[in-house]
Structures are given as C-alpha cells and as structure tokens.
Amino acid sequence: MQRKILYIEPVVSNMAASWKEYLSKFISPETELEVTSLPEGPRHLEYYSYGSLVVPQLLKIIRKAERENFDGAIIGCFYDPGLREAREIAEQLVVTAPAEASMHIASTLGQRFSIIVTENKTVPLMRENVIKYGFLDHLASFRALGMGVLELQVDPEETKRRIVRAAEQAIEQDGAEVIILGCTIQFGFYQELQGTLRVPVIDVACAALNYAEFLIDLKDKHGWYFNKKNEYLPPPREEIEAWKLSELF
Amino acid sequence: MQRKILYIEPVVSNMAASWKEYLSKFISPETELEVTSLPEGPRHLEYYSYGSLVVPQLLKIIRKAERENFDGAIIGCFYDPGLREAREIAEQLVVTAPAEASMHIASTLGQRFSIIVTENKTVPLMRENVIKYGFLDHLASFRALGMGVLELQVDPEETKRRIVRAAEQAIEQDGAEVIILGCTIQFGFYQELQGTLRVPVIDVACAALNYAEFLIDLKDKHGWYFNKKNEYLPPPREEIEAWKLSELF
Amino acid sequence: MQRKILYIEPVVSNMAASWKEYLSKFISPETELEVTSLPEGPRHLEYYSYGSLVVPQLLKIIRKAERENFDGAIIGCFYDPGLREAREIAEQLVVTAPAEASMHIASTLGQRFSIIVTENKTVPLMRENVIKYGFLDHLASFRALGMGVLELQVDPEETKRRIVRAAEQAIEQDGAEVIILGCTIQFGFYQELQGTLRVPVIDVACAALNYAEFLIDLKDKHGWYFNKKNEYLPPPREEIEAWKLSELF
Amino acid sequence: MQRKILYIEPVVSNMAASWKEYLSKFISPETELEVTSLPEGPRHLEYYSYGSLVVPQLLKIIRKAERENFDGAIIGCFYDPGLREAREIAEQLVVTAPAEASMHIASTLGQRFSIIVTENKTVPLMRENVIKYGFLDHLASFRALGMGVLELQVDPEETKRRIVRAAEQAIEQDGAEVIILGCTIQFGFYQELQGTLRVPVIDVACAALNYAEFLIDLKDKHGWYFNKKNEYLPPPREEIEAWKLSELF
Amino acid sequence: MQRKILYIEPVVSNMAASWKEYLSKFISPETELEVTSLPEGPRHLEYYSYGSLVVPQLLKIIRKAERENFDGAIIGCFYDPGLREAREIAEQLVVTAPAEASMHIASTLGQRFSIIVTENKTVPLMRENVIKYGFLDHLASFRALGMGVLELQVDPEETKRRIVRAAEQAIEQDGAEVIILGCTIQFGFYQELQGTLRVPVIDVACAALNYAEFLIDLKDKHGWYFNKKNEYLPPPREEIEAWKLSELF
Amino acid sequence: MQRKILYIEPVVSNMAASWKEYLSKFISPETELEVTSLPEGPRHLEYYSYGSLVVPQLLKIIRKAERENFDGAIIGCFYDPGLREAREIAEQLVVTAPAEASMHIASTLGQRFSIIVTENKTVPLMRENVIKYGFLDHLASFRALGMGVLELQVDPEETKRRIVRAAEQAIEQDGAEVIILGCTIQFGFYQELQGTLRVPVIDVACAALNYAEFLIDLKDKHGWYFNKKNEYLPPPREEIEAWKLSELF
C-alpha cells in the first residue's frame, strides 16, 4: 500500500529540505513524504494570534493536498493549529498534528507525562489542548525552559542542560513516566535525551508522522475516518461558491 | 464615564443597523455603541472552518478599533471565535464574547444551565468552549432544534414551538435552572420565552454587551485587565514589522 | 437608573464608615451605597462555626433590605456565608458575595488564578467554594501567609512582604495569571501590588461591589434574576408564619 | 465498650420517641441512644434558608451533648446541615450525618448509586453535597418523586408506587447499583423496597446511626478523630468568651 | 521491517484458526500473525473473577512469546485483562489490548464515542477502564443489548437489529460521533454497520491488531517503549527464582 | 452478635501469628479473627504481575472461607488485589481491603489525605485505586520514602525518620489533613506517629479490619450487601462446573 503524506510547517521557514531529510528516516518504505511551509506569515506560533493568522493559508494547503491525492497531512506545530478545521474540510485526507499524536502515544507508554516547553507563555495554550484531548489526568506537569523558541539555538549546550534538568525534575518531582519534548534543540536530540533519562522521550514531529501513517492505514483497511456525518461534516459546496469562500482558503 | 463599544458580527451580514437598534435598548446612557460586520466571508459560522476563516479579518477590526479608541469590542458569535487571539493583540481594548459572558451569568443565576442550539453538528464546538471556560459541571445539557441557522426563519411559529419544547425538556428532564439561547428567532424573543418558562433565559448577544460594559468598568476603576505579562502578552512589534504580519491582520 | 446597594459586613465591626468611604470610590454615580455590620457575634469568620452563627442575623438584614427597597446586597466576607440562603429568601433583591464575584472576574482575565489566604486553616473552606462555583480547573493554588486575620496589622510591612512573596511564588511556581487577594492589609493595597506584579490583583470587596451593580443591571434590563421556580424558590409564607420563623431571621 | 449517642432531629418534631424506638432496633447492645429535636424553628429543611436557621440551635445541642459526655451525635437530616461546623466545635464528640454516611456505604456496595428525592427543588442542595464528599463519579442519578416532604403521607400507597418506579428507573435507565432513599414513607420501608428491587436500598437514618458507631469505635481504638490541628481546629475559648458567642450557640 | 505478532484469546476457544484467517486480512505484508488461546479456563470473561483466573496463564504465554522473539502480543478481550501485568513482565515485547486501542482511535475520529455492550453487568468493569485510560469526558454512553455473549448467536438477525438500534440511539440521543463495538455478531459485521450508520464503527479486535503494529513501529524507529524505569519496571529475576514464581506464570 | 473474620495476607509470609496477635487488640469482643497467608507465591506485591499471580489462590481462600461460615474476609494488602473478584464470587461473605477502607475513613476525618508509600514505582498502581474509588479530589499527594518494602527493616530508625519527614511535608506543603500509612515499619507505629504529628494517621490493616466489622454489621442489621443483581452477580454454577473452573480457584 502506497501512502503520500504532506508535512506542513505552518510557518515561514527555510527548513523544509532539512525536515524532509530528517523525517524520511522514520517513514515506512511505502510512504512518500513531502514537506512544505508557508509563503508568508510568522516564523513561529508562540502567540495565539500568530496561530490564527496561519490557519486560512493552512486550509488552502490542505485543500490543494487533497486535490493532489495526498493520503495524509500533518500540521507540524505543537499547538495543533487548525486541526479541527482541516479535518472538517477534508474529504478523504487524513489530518493529524503533533500534540494529539504525542499525547496518545505517551499515555499508552506510561500513566502520566510531562511536557517540556519553551516559556510559561505557551502553557495556557497547550493546557487547553491537553484538556480538549482528554488527557488532563495523565498530565504530570509542564516544565518551562525560560527561553523563547528562537533563543534555543543561541547557546545549544546551555539549552540542552536546561532540557535535561527540566526533564529530570518532571520525573523525580512530578511523577512523569514519559517526557514529551514540546520544544527541541536539534533533529534527533530526543534519542540522546532518552538514553540519558531511560524513560520514553517523545519527539512530537516524529509522533505526528507515524500517527498519520497509522490513521491512513486504519482508513484504508477499515474505512475508519473522521465522523463526516456530524462533527466534521464539511461545509456545503453551494455556500462555498455562493460566498466565494475559496478565495479565502 | 464614557464608554465606546464595538459590536462585531464576525460574518457578512446586512443586519448591522438592526443589531444597533436592538442592542441600544440595553446599554447604559454612557455607552456609545457601533456595530460592524465583515466585508467578505461566510454568513454564519456553523463550521469549524468558517470560524477560522474570519479570525484574521476580525483581528484587523480589533486593531482598528483600538486605534480609534474604542474601550471594548464584542465578537458577536456564540462560538466566541478569535476571542483569545483578540485579547492577546489588544493593548487597552476590552474584548469579550457571547458564550463566555452568558455562561458566567447563567452559572450565577442557577446551579446548572442548558444551551439550546440549532443542530447537533454545533455541539462539539460548543462543548469544547464549555470545558475551556470551566463550566462542564454547570452544564445540564445541550438541546438541539434540528434546524440550521438559516432555516430558523422559514416557519417562525414552528421554530418557536421547537425552542419552547427544547427548553421545557431541559428544565424538566435535564435539571436546567437557566436556559442559554444559543440560537434565536427574533430580537427580544428571550423575554417572551422567559415569561413562559419562568426561569432566566439568556440572550447571548445582550449578555456579551453588558459583560463588556462590566469589564470596561473594572478596567477603569481598578486597572483589572487581561494578564498581559504572560498569557495575553502581545507579539513584539519588531516581529510584526519584520514579518509583515500587519498585512495579514 | 438608580441603584441602592447594601454592603453587609457579616461580623461585629467598627469599620462601616471606613468601608463606605473606601467602596464609594468605585461605585457608579447612579449607585447609592450603605454599609452595615452585625450587632453581635464574632469579629471574623475564620471558623466554620462562626460563619454559621451569623447567617440568621444576616438573613434578617437581607429581609429588612428588601423591605427598604434596596436593589442589591453584598455579603462582605470571602467565605460567602449565607449566599445561597440569602438568594432563596430574596424576592427582588440581588445578592452576591466576594468569592463568587472575584472568581468569575479572575477566570475571565486569565486562565488560572491563585488565592492568597491568611492561614492554611481557611483552605478547606475556600476550596469547597472553588469547587462549588466550578472553578477548580482554573485554580492554580492557594498560598497562605501563615498569619491570622487579626495579626495582619501587627507588623504591616512584614505582612506586605509576605503577600508579595506569596503572590510571586503563585505566579512563578504555580502558573497563576491572576491573583485573588483573599486577605488584605489596607484599603487599596491591591493596586500597589498590581503595580509591582504587573498581573491583575483582585480586591474581593471591590469585585463583589461591581458584580452586584452588574447583576442589578441585568435584572433591570433583561429580567435576569435567580431561578425562583426551583433552586431559589423561597419558603412559603404560610410556613414562615405558622412556624414563627420570622423571629429567627 | 459503652457508647452514648445522640440522634438530633434538626427540626421541630413530635417524633422523637418514635425515632428512638425505630433506631434502637439497629444499635449495638453497648450503645445507648437518645433522640432530641429542636424547641423552635422549621419542621422540615427543604429550603436552604431553613437549613441555616437551625444550625445555631444545633450547635448548642452539640455543645451540650459534649458536656454530657455523649460519644457521638448524628445530625438527622439528609442535607447534613451544620456538619462541618459541629465537627469544628466538637472536642471529643464524634459527629456524622446521613448523606455522608449513606454515600460512603453505597459506594462500597456498588459502583454507582441513585438518590431518590422528594422534589427537584432539593437536587441542587444535595448535588453540592455529593460533589463536596467526592462522590460525583459514583452518582448515577437523582430521581424526584414530585412530592413535598409533607405530602408523602397524604396517600401512602401512591407514594410507595412512585418510590418503586423511581428506583426501578434509576436501576434500569441510569445504571444505579445501589439506591439511597433520600426520603421515605414509613420506618423500615427500605427493607420492603430492598426485597422488591433486589439491590441494596439505604435508609439514611440507619446509615448515619451505624456510621456513628463505627467512627466512635475508630476513635476509641485508634485515636482516629477529625483533624483538630487545622481543618477542624476549634475557635479559641478567649474569642468565644470575649465576644459572648456562647449566647449564640 | 518484519514483525511477529501473537494474538491471544484469553479464553478456552476453538476459534483460533478463524481469528487468524479473519485478522490476517488487516495486517501489513511485513507482519506475521499467530493466534493462540488458553488450554483451560473460562470461555468468556463477563465476570470479574473469570478475568482474574486467566491472567497467570496469560502471563505464561507472554513470557513464552518473548522467548520466541515475538515483537508484539495482543490480549484479545475487551476488558483488557492483565494488560498492565503483561507490560510489566515484558522486556522487549509490545503488548496492547482492544479497549485501550479502540478508545485511542475513537477519540481521534470524533469527540465522543459510545460503547455497545452485551449486558449491563459488564458496564462497571468497562467504565473503570474508560476512566483508567482517561477517556471519561469522551464517553457519550454505554448501550447494552440485554443479551449475554453466548446468546448473541441464538438469533443473529435479532442480535443485529438490537445492535443497530443501540448504535442509533447512541448517535441520536447520546451524541456519539463514533461507535465502539464492544461485542459483535460475526467477523466483519462492523463494516456493514458502518455502512448503515455512516459514522466510524470500531471493531475492537482489529483496532488492537493495528495498534500493536503501530506501537511496534514506534519502538523500532524511536525506541519508544513502556516506561521500564519505574511504572513497568519488571520484578527482579532473583525474586522470581528464589520464590519459584516461574511455576506460577 | 458473633462475627468470624478471616484476615488474608495475600503473600507467602511467616507473620500470621504476629498479625493475629496485633490485630486482635482492635477487634470487638464478638469478633473471632483468623489470619492466613498463601502457601506459595511472592512475598510482597510491589509489582502489578505479583498482584495478579496471587488472585486465583486468594479466590480459593475466599471460597473456602465462605464454606466455613466466615462472615467477613480482608485482603490484607494496600493494593486491594482481587477485591472486585472476591466480592463477585462471594455469596454471603463480606469482603473488604485496606486501600478502600482507609480512604473512606480518611476522607471522613479531613478534606484531603496524603499516602506515604515505599517507592515511586507503586504510585501508578495506587493512583488508579484512588481514582477507581472516587477519591482523587481528596488526595493531597503521594509521598515516597525511596525504599523497597523489604528494605524498611534494614535501618528502622532511618526508616522512621523518613516517614516522619514525608508526613510533615505532606501536611505542610501538600495540605494533607490526614495521613494514610501505605507502608509501615512496625506494628502500632501509626500511634507513635499520630502523637508526633497531631493529625490522624491511618494504619491500613486496622482500617480494613474495623471496616469489615462495620460492613458485616450493616449486612446483619439491614441486609445491605454488595449488589448481587448486576455488578457483583456471581458466575453461574453450571459454567463453573462445565468448565472445571473450581480447579483454578
């Protein structure tokens, strides 16, 4: 079974090629992976408002991916921006995102998980997602590094030290059985950290990638797809045309 | 104390004048009310995706309202689209919305409330908001009419009958002490219904309007305003300029 | 619209005049404020039993306020003693109280709030109220000063230092976006603290005062009043007479 | 081990002798039971306000019982009025009440219980208690008879029919494994009902009585008594004297 | 990548060959599937006690599977008996089970799911699992057929009718977006039902099978495996030997 | 009323006589106590898998106890292994266990309790029980000693120091009103600790013993027994015979 998956960085970025190279290590042989990013807009989504600005562009990409016969799409940001909207307009396309995917995996591997984030500013956004997906009882804690996403690269060794310390505190003080790396310092760092801590450390981009493959397989084998009768019923084409909404997304 | 409030219909609509006339009955003498709607886009927001399409336009209106020295803005839709985002970019402007406002009021007037909605399709969206605002324990039930928002006017008497029946079932079978009218048939209908049922019936647009006045007063008298140090910290101007985001919102 | 509000200190106190002067700074021009306290009983309510002792006297005051055509009454104690009972016997009078009012406001201004209290002894009482009003998911923490209410004035500077430290810990360690000042050191101190912390700091007496004005307006404009059909159905007059209950309250 | 227990009907009643006769069937041989009721006040507590009126009198009785060396006291009303207050002022006396006792028992005998009540009016009061004691996840439902407490005796056969029907619906439709009889028609009726339904049916007065015996034994054998260091720390005698509170309770 | 998976029917059964044939339709080409059942014990697990009887035998099979280099094992019963125990003794083997797997999938495909069960007797067992896995907020309802597991085949058409009706009620009355088929009538029936209802219908055996493949892939690609440092730390070999536990499992 | 109770150590142990001597101090004069332990298997249950290994043997003992006309049985391990299963197969026998019993008692004596455990490894197991019994809102914290159950006796004074420190932290930092001693160092140590801390300290074996007496009394006096119609309906004798299950338990 061949699968075609689109990994969308929902920001302006020049990392598409690097992401493709990195993520390709973790796909099945039957999976073909494309990576895209946005032509305009913010370079990170650490603000509620940035997140909302990118959704219309993101939905355009989702619609295009569907026309180009992709089987799945990943919204590659840990806030899962536009996930519900994308699922609603999708007709055949499987859509997932890192927060959802990593929480399902983490809560399977251990009773409670902690999420390492950049700054406290991001916690209310993420906490709402934890609650929305139903995992509040499985959340041991958030632990913030006290650094913005763009500062992570300034002194990589210091960043690593902070991540290790935050994760150790999560395990020892908060009772975390699994660490979700809501921010990272370099491709593949989760494996180094996992070796150090000896508990599962979830890289959220990888989690989303493999969860997408899994959901595509479920759709192919069993016809299990988002509820299209009610919750994710797409808007009627007549409205989209009459109101010229396709210019918007 | 003078207050200037902008009521935003976050849809394309030709009802601005009617809304202004209706809502003006319920404002304080010191309040000046403007009503605006969107130049393009959907005419209702009964889809996740429609909701996300209007947020960038909505944020533009919020920013403009701030420049024009409005004290408050209301996002006039019961899904509260873009509420968190609007609060984040606001610097002085008080922003609120109907679901938030009506749930605070309803849970003060009685232990549990029911929400009358158009169709079951809207329940997952609203239920997430109920949980996000913390009122799940105060929710008696959702009751759906089985009609789309644009169908409400087709046979107004039938619509009224269905609303009355749904509200009565909520009271008698689900234990609702308060009814939130998530959809309505005509301006002022809540008062007719309230007379019939003899329990509080919340018109959500009115609730948002008066909650906005209340929040503006709290800001003026006490300096109580959204947390701007962390949760609603606005994006830095340098990023907005460097990334040309003001073209987007 | 004229409103007449009674602020009830539900304890024996000689502070009525001072409270009136202080609170009068924060009322609308249309509001007329009276302050009263109890003729006999305890001087603070830091015990469950003290709280229950004052309720019958409090209900007498509520009934009297109703006869004297007050529009609203505030039960000025952060445990909200007798709130449900007062609402039940009220026929037209709007009744509110500080804990309820401040939690509604705080949870609107930020995702989670912390409550600064005097001593750990008071936490179980308050925690029950947080749960009763539905805000447990919005509670970041309680932080206790380790001082009784009557000790707060012994060394005011030390008290202030403890309040500042407790609030800072709530923000930094517990993730509070808003501080509720469950105890205070002097009128208006919340503004000083708010200036220092740069997050909203809720003075609970002011919160109750303005929430009362808000609820009175909602009643006047929309007829929204406590559910009188079921939850707050008042006892029948025949029973009150036959059982001579009016001697009790 | 001898135990002396006081069963307090916290209302005006002429049933003390009947209660004593009935309850005496269920005590241990070592238990000596007294029953008392109030000299003045309401005859039932189906209103929030009635409940609060009786607490000061109730606390007087608690203090007297303590002086008379009772080992335990039961507040014989399913709203558990004044329970926390009574525990706080008690120094050696064990205090319990029917709602608390019956929910502990019921949740041990089956996963979820339903509570049969007189009227919907009483549900918000009781629901708060269910939440306060932590049993919301164990609550299958409330089922109301649609009759006031004083109407139960008007047509006893009709009342019985309604109770049976309510309990059957609770079992079949709501998944109740245990029935708590929040209201009853005659002494011992729970056993008749239990025979019919073949699930445990809890008589709440009996539950409180035997729970009191149990708690007294735990105190005698292990010194397990209410937390007197913090939560149930009694008010200081100096305050009670200085403020003449003993005239109040 | 080759994977070897063992599907364990944790009951005495003569269906192993049929299960193998059925499930083989849904595996990846790289997966090799074996099916086994128990040599002695009960034929269904609709009793708590039956469930506990099979766990030691099940753990023996798990240990044997590990020695035979299986990559994954599935405990093929919707009560997920022995899941935590099996994960604890596993050293390399991935273990999963139907309830866990189907709830993760269902809550991804829609906001709330209903579970169709045979009899009400099974609900308390399953409800505990729903809570344990964290999905109570995503549970719309249980709907019971009123038939034991061995009665399902007596009149297959009647059984089907009951399943269809239960699922329809779950969707229309309880707000289910997804149906989990906690019991079934014949291999592949979920697809027929899914066609009728037009919402996702989860066959729990298939869900577990594909979830096992997914978890095995995550282990192979990322080293993500159950927390072996704390929660699923296996018992020390010395104890197992010293206490001769390997005779027990 | 005579009662015969069997205390089962669900492990291999040579402590039966000591347990009998110790527990006999706390029984009623009418109670006759026997203590038994397992002939083979593990010596502690700090692993999920150990817990499951002992359940079939435990159920055999339960069945034997029933035949020998015991009135009650206690499963003497703080994980409450096999509690639901034992209740299901019981026909007249009352069964309880330490975690259940101590949480009911603790939550009656104060609002929130902390549980002192040996190692963090045990927390996920116990936390599931806290949730299952409905006491999560009453849980202040777990505090672990960082010692295995068999290490507790190595340096008894060090162990005591750690228990005292853990309990003090639970009270001061976590807000515990009651301490549950999930592990202990010697018979009767809870009383020493209770004297030091001046809050209730629950010895879980004693809690279970007295809770068993209480439940037996309720059964004798009121016929209140586990729901045998649905949740704890025992398996049919025909199945047990036909499938030769009595060889297994």
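Residue numbering begins at 1 within each chain, and the chains themselves are lettered A, B, C, D, E and F in the order written.
Operating definition for what follows: a contact is a pair of C-beta atoms (placed from the backbone, for glycine too) under 8 Å apart; a residue touches a chain by one contact, two chains touch by 3 or more.
Keep in mind that what you see is a predicted model, and the values were worked out from it rather than measured.
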Neighbouring chains shared between chain E and chain F, ordered by label: A, D
Residue-number overlap at the chain B/chain E interface, same or different (half cut): different
Chain separated most widely from chain F, comparing mean CA positions: B
Length of the line joining the C-alpha centres of chain A and chain C, rounded to whole Å: 44
Sequence positions of chain E contacting 2 or more other chains: 110-111, 120, 124, 128, 131, 136-137, 177, 230-232
Chain-chain contacts as defined at top: A-B, A-C, A-E, A-F, B-C, B-D, B-E, C-D, C-F, D-E, D-F, E-F
For the chain B and chain D complex, residues of the former touching the latter: 110-112, 137, 175, 177
Chain B-facing residues of chain A, complex: 12, 40-43, 47-53, 55-56, 59, 82, 84-89, 120-121, 124, 128, 131-132, 230-235, 239, 243-245, 247-249
Complex contacts: residues of chain E adjacent to chain A: 25-26, 28, 96, 100, 104-105, 107-111, 133-138, 171, 177-178, 190-191, 194, 197-200, 202-203, 206, 210-211, 213-215, 217-218, 221-232
Footprint of chain D on chain E - complex, ascending: 120, 123-124, 127-128, 131, 136, 142
